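When the chains are written out, they are named A, B and C in that same order, and each has its own residue count from 1.
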Amino acid sequence: MNKNYLILILLAIALIFPLFFGSYFIHVITTVFVFLALSLSWDMMLRTGQLSFGTAGFFGLGAYMSVMVVLKLGWNPIFSLLIGGLFAGIIAFFLGFVVLRLREIYFAITTLALTHVFLVIAENLSVTGGASGLTLNRAIFNGNSVKIYYLILFLTLVVIGISEYFKRSKIHFAINSIRNDEITAKSSGINVFKYLLLVFVITSAIQGVIGAAYAQQYAFVEPSSTFSLNFLLLPIAMALVGGIYSTNGPIVGAFILGIISEYLKLIMPYGHLIVYGLIIVVVVLFMPQGIYKPLKNKLSNKNIRGDANAQSSN
Amino acid sequence: MPSLQTNNLVKKFGGLTAVNNLNFSVDKGEILGIIGPNGAGKTTVINLVAGTLPVTSGEILFNNEDITKLPSHVRNQKGVARTFQTVRPLEDFTAIENIMVGSLFGQKKDLNKGREYAKEICDFLNFENINKPVDELTVLEMKKVEIGRALASDPELLFFDEVMAGLNSEETWEIIELIKKLREKNMAICVVEHIMKVVKELTSRVIVLDQGEIIAQGPYEKVSQEEQVIAAYLGEDD
Amino acid sequence: MSLSLKTNKILLLFIAFLIIVGIWQPNVLMDGVQRGSMYALIALPLALVLGILGVLNLAHGDFLTVALYLSYVLYSNINMDPLLTMIPVTIIMILLGGGIYLLTVKYVVDEGHLNQLLITFGVSMILIEGVKIIWTTQPRNVFTGYAYSSFSIGNYSFGSYGLIYLLMAVVVLVGLQLFLKKTRLGQATFAVGQNPKGARIVGINVNFVYLFVFSIAVGILGIVGAGMLPQHAIFPSVGSPFSLKSFALAAMAGLGNLNGILFAGITLGVGEAIVNAIPGYSSWADIVFFGVLIIVILTRSFREAR
């Protein structure tokens, strides 16, 4: 089947989906998209070779900024999404000069520590509502789940577009080279810092916009739930399961994990997230490439000759 | 005006002086050899000129421009390129994509022109399997990719760091011919080598490094007879 | 092992810092030392695993959580004194650590950091959520008389229970030093930490050393957990913050510097206690660790770039 037809069909399904299902399902899929977008943004940074644990931090920055401008300045909620993203991006820009010289564990831990710092700051300033946070008078679109769905769908499609652009343009060569061998990349004319900063700012801005959208949907921010590490752990698990360094991987992973966890939430009163932990371990041990690529290879091989010896790309 | 000129180049690692007051130059259309026993500082010199390592003191002039403080990617864009002693292919790419990195960023071409240019380089190098993933290449092919990536940035000054290592006689001659062709294109070329027949064949003059200093320079025939040179080589385990 | 001039200076600064705080607010000093010793005690096993296996165990704090719950179970079901539970809990934790090592960590010791971080991440989630499944999210508490014991010096009275952490930290530290230097297994462990490939070549069973170190590290958390039980409320995420704080101490002290962890722990513990004591700013106390961690990592990286 032509890949483009498949994409169009999926897109069509996504667009008409709300017409056929009730608000519970719409809500579930909306949440899947939120985490999908976060997962993609994490993966985009990972492609540069940098493991970031800061997803929840920038998510929270965008969430808080968006709620604050709507609550205190009366700005339009949709516009506040942009503000949230801009704020997160600007913070990332300045932090980048300091933090992007770190590598490996140190970069990861520092971004995690920064998330905690943002949390403590939000918890202590009165302008951010302190420990109880801030509540909006009303949710965006007055809580209309269908409109919210389309908004988040739109944002997710934009993020998918950015991810694909990163994979198909010249930037792809820079990012891959930096991940593979920074010294060689530098010797070949790549301004490593510039590209790292670019990706860092863009992915942080994405996380900020998504955080803002989430906050507008639920109409409140509160330090421990807005900066919750779930917004870090779950996207990572999704990208891992689906397959890192790709656009399709996080998409597949988000749907698989999102739906499984939703089902588990119904039958397990506590601890349904355990499935995430188990899947992460299983994937790292047995399927480090994730599910998507090996599955895709298997399916396309079946079309050709069903021979298991066909070449599989790395 | 020489293409490359170093003035009193010094590199210290803590208490260890790897390069000590080094002064040398390379002209366009010339192939300079850098030889010397292991640990003499030859690769360090390349790292300093290419910008992979910062200098402790001294100057590096490229076409009379002071590039001492410039980051390595800028130097590459200006025309300084090098190969690595242990080949460093970019693993997630095919052969031609590896080479494209040079033309895309060393030269700032767009995707299409960058790919075309890389193809031309491949033709020049007699490299056919351009779409093979890098982990399936032979030693010779990997060396060509390494050289190709450096060439793709359209350099004026090119360093080869022990590029013949691991090649058999025939393959060595192929690379020698390629390097000679580069000289005809008026590139300034610097060859760090251990294999003396290569040095004899390619270079018009050599500098001999020992413990970070030049102990002799001149044409290979003359230099290889000098006492200190022989002592420097024989004085170490081999 | 003679102390260099730099270490001497830092030691003097440290002592001066403690004296100043002690004179200003003795309660803060006592609180800080007790808290800091607890942090150091928790950080030591993480540093051990990081130094010998090269793996940063993100599930570290969650093992502590499990230890606390195990201790609680023994206390509430068979009325065992919390401090006594140290013995059975430590044994169980050693077995748990060994089991998890064999199932997961063993396979990523030789791999890149990404896989290591991800797998310990996964283990962390499994532990937290597992605890939630078994014991729900309801906080638990334990009441013992001695948790509130105190002693007085002059006009000041101090809680004395927390000194147990200082005692345990010193014991564990001394124990580890003796182990590493005086026992054959310890020397082998040290060798593995320095150079695993070399150690393998000379015949050391590196896999066993890894298993041993990881299990003991988790076992130490059993000791700490039992010790913490009388004073801490227990809930599924009680141990999580300690993962990052432990790494902060290990990073501050520098790889391989176990003694430094005690000093770093006390310093940061006192720092936290100071902020805690400032009226109106007490909730900023958490930032001490994270702020210092970030500063330490950044200064190191700037210095390396020279």
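Rule of thumb we're sticking to: contacts are C-beta pairs under 8 Å (C-beta built on N, C-alpha and C of every residue); 3 or more make two chains touch, one makes a residue touch a chain.
None of these values were measured; they are calculated from a predicted model.
Colleague: Grab the C-alpha centre of each chain and report whichever is closest to the global C-alpha centre.
Modeller: A
Colleague: Taking contacts as defined above, which has more of them, A-C or A-B?
Modeller: Pair with the higher count of C-beta contacts: A-C.
Colleague: By mean C-alpha coordinates, which chain is most distant from chain A?
Modeller: Computed centres place B farthest from chain A.
Colleague: Per the centroid of Cα atoms for each chain, what is the distance between chain B and chain C, given in Å?
Modeller: 50
Colleague: Counting only Cα atoms for the centres, state how far chain A is from chain C in Å.
Modeller: About 32 Å, centre to centre.
Colleague: Taking each chain's centre as the mean of its CA atoms, how far is chain A from chain B in angstrom?
Modeller: Chain centroid spacing, chain A to chain B, equals 43 Å.
Colleague: In their complex, what parts of chain B are in touch with chain A?
Modeller: Residues of chain B touching chain A: 50-52, 71-74, 76-77, 81-82, 84, 88, 90-93, 97, 100-102, 104-108, 110-111, 114, 133, 135, 149-150, 152-153.
Colleague: Residue numbers of chain A touching chain B in their complex, please.
Modeller: Touch list, chain A to chain B: 169-170, 173-174, 176-177, 179-181, 183-192, 245, 313-314.
Colleague: Can you check the complex and tell me which residues of chain C touch chain A?
Modeller: Chain C residues touching chain A: 56, 104, 107-108, 113-115, 117-119, 121-133, 136-137, 244, 247-248, 251, 281, 283-284, 286-287, 290-291, 293-294, 297-298, 301-302, 305.
Colleague: Give every residue of chain A touching chain C within the complex, in rising order.
Modeller: Contact set of chain A toward chain C: 51, 98-99, 101-102, 104-106, 108-110, 112-114, 116-117, 120-121, 123-124, 131, 233, 236-237, 240, 268-274, 276-281, 284-285, 288.
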